[in-house]
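One chain, chain A, links the two complexes that follow: it is found with chain B in the first and with chain C in the second.
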Partner chain A sequence: MDYAIEIHDLTVAFDRKPVLWNIDAHLPAGKLIGILGPNGAGKSTLIKTIMGLIPAGSGYVKIFGQPLKEVRKRVSYVPQRETIDWDFPVSVMDVALMGRYAHTGMFGKLRRADRDIALDALRKVGMEAFANRQIGRLSGGQQQRTFLARALAQRADLYLMDEPFAGVDAATEKAVITLLREMTTQGKTVLVVHHNLQSARQYFDHLLLLNTRLVACGPAPEVFTPDNLRDTYGGNLTLLTDVANLMHQEQHPVRENKLQQE
Partner chain B sequence: MPIGYEDITILITGTLIAICCALTGSLLMLRRMALAGDAIAHAVLPGIVIAFLLSGSRSSPFMIAGAAAIGLFTTFSIEMLQKKARLQNDASIGLTFTFLFATGIILLSMLAGQVDLDQDCVLYGELAYVPLDVWITPSGTVMGPRALWVTAVLCLLLLALIIVARRPLLLTTFDPAYASAIGVSVPFYHYLLMGSVSVTTVVSFELVGAILVVALLIAPAATAYMLTDNFRMLLVLACLAGAVAVAAGYAMAATLDTSIAGSIATANGLLFMLAFIFSPQHGLLFRKKRKPVIH
Partner chain C sequence: MSASYFFLLSDPNVQYVALGAMLLTGSSALMGTFALLSKKSLVGDAIAHAVLPGVCLGFILAGTKEPLWILAGAFLTGALSVYLIDFIVHNSHIKEDTAIGLVLSVMFGAGIVLLTAIQKTGNAAQSGLDQYLFGRAAAINRQDLLVFGTTSVLIMALVIVFFRSFTLLAFDRHFAHALGFNVKFIQFIQTTLIVLAVVIGIQAVGVVLMAAILITPAAAARYWCNSVKTMLWLSSAFGMISGLCGALISYAAPAMPTGPWIVVVASVIAFVSLLVAPEKGMLSRSLRQRRLQQTIAQENLLKTLYKLGEKNEDFLHERTAQEIMRNLKSARPQKLLRQLLKQGYVERNNNHWKLTEAGYLRAQRIVKIHRLWELYLTTYMNIAPDHVHDDAETIEHLLTPELEKELERQLGYPSTDPHQSQIPYRKT
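Presenting the complex of A and B:
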C-alpha cells in the first residue's frame, strides 16, 4: 500500500514536557483521514510537526516516502482559525493567490495561469463573488472556505487541515466535506483535525485517535469503538454520554440510515 | 513666510525620513510589533553614542552599522527573555530597551565634554541643523547636506527592498506558519525587517530624536490603516500621511516658533484623529459594521 504519511517513533516536547509521545503511524494515500482527540491532545502539534513547523524531539516523519523538504510543494496546510489576523489588509483573492507562491517562489512572476487557478479554486468553494472582499468582512464559513481555496490553488497532493469546521455553519461543513471527498477520489490525501465525535464516524475513511500517545489508527469502522474512544477521551462525562449515544445508534442501524437520508 | 533654500532642504530630508519610517512602521504594525519598533528606537542610543565617539561624525556608515547591530541584538534579546526567561512579551520589551536606553544616556552624559553630540539633539532631534552639516568630497566638491544624501539612499534601498521582497514580507507577516510550510525562512525576514527599522531609526534620530521617531514609525501607519483594506494602498497612504505631517508640522513650528520635532509628531497625531473620525470605512462618523455577513 502507498502511504501518504509515515510517522516513526515521533516524540515532541515543549519545555521537556512531552506533548506527543512515541507516535508510530502510517496513513494511507487517497483517503479522507480524521484526527480525533481532546483539547491539548497534541493534534495541532502533530500537524505542525508533519509540516516541519515544530522540530521533532526524536523520531521522524516521511511524506510520500520522502523527507518533507523534497515534497514541500505537494503539501498544503490550512491553519487553525484563531491563528489568523482577520483585520489584515488582504482580500480573498490575495489569500487564494498565496497558494501559487509554492510554485512561483517568492520572487517569480505570477502568471495569468496562476490567477486562473486561484480563481478556479475560489469558484470550487463558492467564493468567487467575494474575490475582492477583505477577509475580515466574511462569515466564519466563508473565511474557512477562503483558506481552503488557497490550499486548492496550491494543487497539492496532501492537505493538512486544523479544525476546518470550527465556527463554520452546517451548510458550509457539508459542502466542504463533499469537496474533500471529491478530492480523495482524485487521489489526494486529506488529513483533518476534527472535534465532533458525532460526525467523525460518517466523514472519515480512516481515523487517528490521539491523546499524547497514539490510541489507535486505522480504517474508521475498526477504530471507532467505545474502548478506543474511552481511552482517548478519558473519563470526560459529556463525551462518554456522546459515546453512549453513538453506541445506541449503532444498535439501531436502520434508524441511523434514516437519519442520513433526511 | 518666504520659503528659502534651507527650508526646502529641511522639508525634503524630513519627507524622505517620514517615508522610510512609514514603510518600516507599516510592516511593524501589521506584525503587531509596533512596541518593538519603539524599543529599537530607544535601544540604539548607546550604539549611536559609541559609534559617534569612534568615528566623530553623524550619519557615518559606522554609526548605521552599529545601530543595525544593536537593533538586531535588541530583537534577539526580547525573544530570548520571552523564550528562556519566560517573561511576557511586553515585559521583555520594557526590560531590554530601558536598560539599553539608560546605558546610552549615561554614556552620553559621561562623554558630554569629549564629543560634540548634544543630549537634547539626540533625544528630541534638531531638523534645523540639517542644512549646516554639508558633505564635501575629498576633492573639494560641495555635495549639499549630508543628511539629505543619507536619507535619500536609505529611502531608495527600503523602496527597493519592499518592492522586490513584497511577497515574502507580506506572507511571513500574515501567515508565518504557511510561509515556513512552503519553505520561506520566517526568521530571515523578521530580522531583515528589524535591521531596517534599526537603520531607519538611527538615520531619523537627527530629525525627530530617539524618542519622537516612534511617532513617525507608528502614526502614519495607523492613519493609513484607518483608510484602506489593501496592503499596497496601506504603504502608499502611510508614506503620504508621513509626508503631509512633516510639511504641516514644519509650517506649524515656523508659525508658532516652536520645536520642529514636536510639531511634526503633533501633526501626525492630528492626522490620525482626522482619519479616525472621517474614514469612510472605519471612521467614527460613517462606521460600517465590520461584522461578518452571515450566509
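Presenting the complex of A and C:
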C-alpha cells in the first residue's frame, strides 16, 4: 500500500511540555482522512508538525516516502480561520494566487497561466464572482472557500486542512466535502482536522483518533467504535497530564540526549 | 502664496533640503507600510529610540560627526534593539509590549547618558550632535543627499524585489513557511530595511518623532485602498508630500523647525484620511448610518399605512397626516411623507395621503418579513411569542431577497404568525 504520510515515534513539546506523545501512524494515499479528538488533543499541532511549522521533539515524518523538504510543492496547507488577519488589504484573487507561489517561488514571475489556474480554483469553490472583494467583506463560509481555492491553486497531491468547517454555513460544508471527495477520487490525499463527531463517520474514509497520544488509526468503519471514542473523549489520562506539567515546571528535556533544546 | 513657494524652490539650499526630506520620508513610509501590516508599528518606535546610543558611539569612535560612522553606529544599535526584543520575548515570560517598552527606554536612556557625557568633554566637534533628537533636515547638504539618495534607492529596489515575500510574511507567515519560503531570511531583510529606513529617517525628524513618519503615512494610506501595492504607492506619496511641505514651511516661516513640521503635515494627512476616506472614513460611515436610519423611518411609515389598511382590507385608502401621526412614533412624519412622495411610494391629495401600488408592495414585504421572523424565532429558537417583536422590528429592514426566500422556504410559507396575524404574500 502507498502511504502519503508516515509518522514515526513523534513527540512534540511546547516549552518542554509534551502535547503529543510517541505518535506512530501510517496514512494511506488517495483517501479522505479525518483527525478527531477533543480540544487540546494536539490535532492542529500534529498537522503543523507534519508541515514543519513546529519542530519535533523527537521522531520524524515522511511524506510520500521522502522528507518534507523534497516534496514541499506537492503539499498544501490550509490554516485555521481565526489565525488570519481578515482586515489585511488583499482580495480573494490575491489569496488564490498565493497558491501559485509554490511553483514560482519567492521571486519568479506569475504568468497568465497562473492567473488562469487561480481563477479556475475560485470557480471550483464558487468564489469567482467575488474575485476582487477584500477578504474581510466575506461571510465565514466564503472566507473558508477562498482559502480552499488557494490550496487548490497550488495543484498539490496532499492537502492538510486545519478545521476547514469551523464557522461555515451548512451549504459551504456540503459543497466543500463534495469537492474533497472528488479530489480523493483523482488520487489526492486530504487530511482534515475535524471536531464534529456526528459528521465524521460519513465524511471520512480513514480516521486518526487523537488525545495527546494516538488512540486509533485506520479505516473509518473499523476505528469509529464506542470503545475508541470513549478512550479519545472520555477523560484525559490524568497521570500523563501530570507528568507533562512536571516536565514543563522542571524544564525537563523531551529526550535525555536533547539537553539543550534547539 | 504659490509664487513665493516657487521662488523658494529656485534656491539650491532649499532644493537640497526639500529633495532630501522627500527621499527620507518617502522611503521610511515604504518600510512603515510593512511594519504596520506586520503589526510591528511599536517596534519601529523602539528602533528609532535605540538609534541614539549608536549615533553617540559612532561619534566617539570617529571623533567627528563623520556621517558614515554615525550611520553605522545608529544602524548597529537599531538592529540590536530588534534582536533584544526578540530575545526577551522568546527567553522569558515577558510579553512583547513590555519587552518593547523596556528596550525602548533603556536604549534611549543610554543614548541620553552618552550624549550628555560627550557634551561635557568640551569637544568642539560635538556641537550639533543633539540635533539627532529632533532632526537636522535644515542642514542637509549635497553630500548628505548622495547618501540618502543611494539608501532610498536601495530600499525601493529591495521592496520591489521582496514585495511578494514581505506581503506573504505579514499576511500568513505559516503559509510562507509551508511553501518553503526562507522565512528567517525574509524577516532578516525586512528588519534590516526597517532599521535602515529609521536610521536615515532620523536625519529628517530625529529619534523622538521618527515613529510618526514611519507609521503615519501608512496608516493614512490604509484608509484609501484595499491592496498592498496601492497602499505602498499612497504611503510613500503621503510621506513625500509631508517631507516637501515640512521643508517649504520651515523656509517660508523663519525659525520654524523642519522635522516637527513634517510630522504635523503627515498627521494632518492622516486625520483628513480618517475623516473623509470613502467607505472606511468617519464621515462616510456616519452618512451610511444616517441613510440607514432614514430608510428605517420611511419603511416604518409605509408599514403604518399598510396596517391601518389591514383593518378593513382597504390598503390604498386615503388618510390624513393626523391619522398617520397618531399611529406612528416619529419626530417628523411630514418630512418622511414628503420624502416618500418624491420616491413615488405615496400619493398626496390635499391633506390626504395614500400608498401607491409600489408603496403597497414594499410595505407588504416588510410586514411579511416581520411576521415570518417572529415565527422563525418562536419555532426554531423557542423564544416566547411576547419576546420576538423587537427583534423582528430590526430584521424587517435588513433582510436581503435571498435570505427572505430562504426564510419562506424553511418555514414552508405559513399563513399566520405567532400572534395569529395574517402573513401577506405577494400574489403572482
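Heads up, the rule we're going with is that the second predicted complex is superposed on the first by the 234 of 262 C-alpha atoms of A that agree within 3 Å, B and C clash if a C-alpha of one lies under 4 Å from a C-alpha of the other, contacts with A are read in each partner's own complex, and residues count from 1 in each chain.
By definition in this document, contacts are C-beta pairs under 8 Å (C-beta built on N, C-alpha and C of every residue); 3 or more make two chains touch, one makes a residue touch a chain.
This one's a predicted model, so the numbers in the text were calculated from it and none came from an experiment.
Following the overlay on chain A, a clash is recorded for the pair chain B and chain C.
Of the two partners chain B and chain C, more residues of chain A are touched by B. When the two complexes are overlaid on their common chain A, residue A:S91 makes contact with chain B and with chain C alike. By the touch criterion defined above, A:R111 reaches neither chain B nor chain C. Contact with chain B, but none with chain C, is seen for A:L138 once the two complexes are overlaid on the shared chain.
Judged by the touch definition given at the top, the superposed model places A:K174 against neither chain B nor chain C. Only one of the stretches 199-207, 307-315, 325-333 or 343-351 belonging to chain C overlaps chain B in the superposed arrangement, and that stretch is 199-207. On chain A, the surface patch touched by chain B in one complex and by chain C in the other comprises residues 48, 51-53, 69, 72-73, 75-77, 79, 83-85, 88-91, 94, 98, 101-102, 106-107, 134, 150. Of all the residues in chain A, the ones that touch chain C in their complex are 48, 51-53, 69, 72-73, 75-77, 79, 83-85, 88-91, 94, 98, 101-102, 105-107, 134, 150.
Within the complex, the chain C residues that touch chain A are 37, 39, 161-162, 164-165, 167-168, 170-172, 174-175, 177-182, 186, 222, 225-228, 230-231.
Against chain B, in their complex, chain A makes its touches with residues 48, 51-53, 69, 72-73, 75-77, 79, 83-85, 88-91, 94, 98, 101-102, 106-107, 134, 136-143, 150, 154, 169.
By the touch criterion stated above, chain B contacts chain A in their complex at residues 30, 32, 164-165, 167-168, 170-171, 173-175, 177-178, 180-184, 225, 228-231, 233-234, 290, 292-295.
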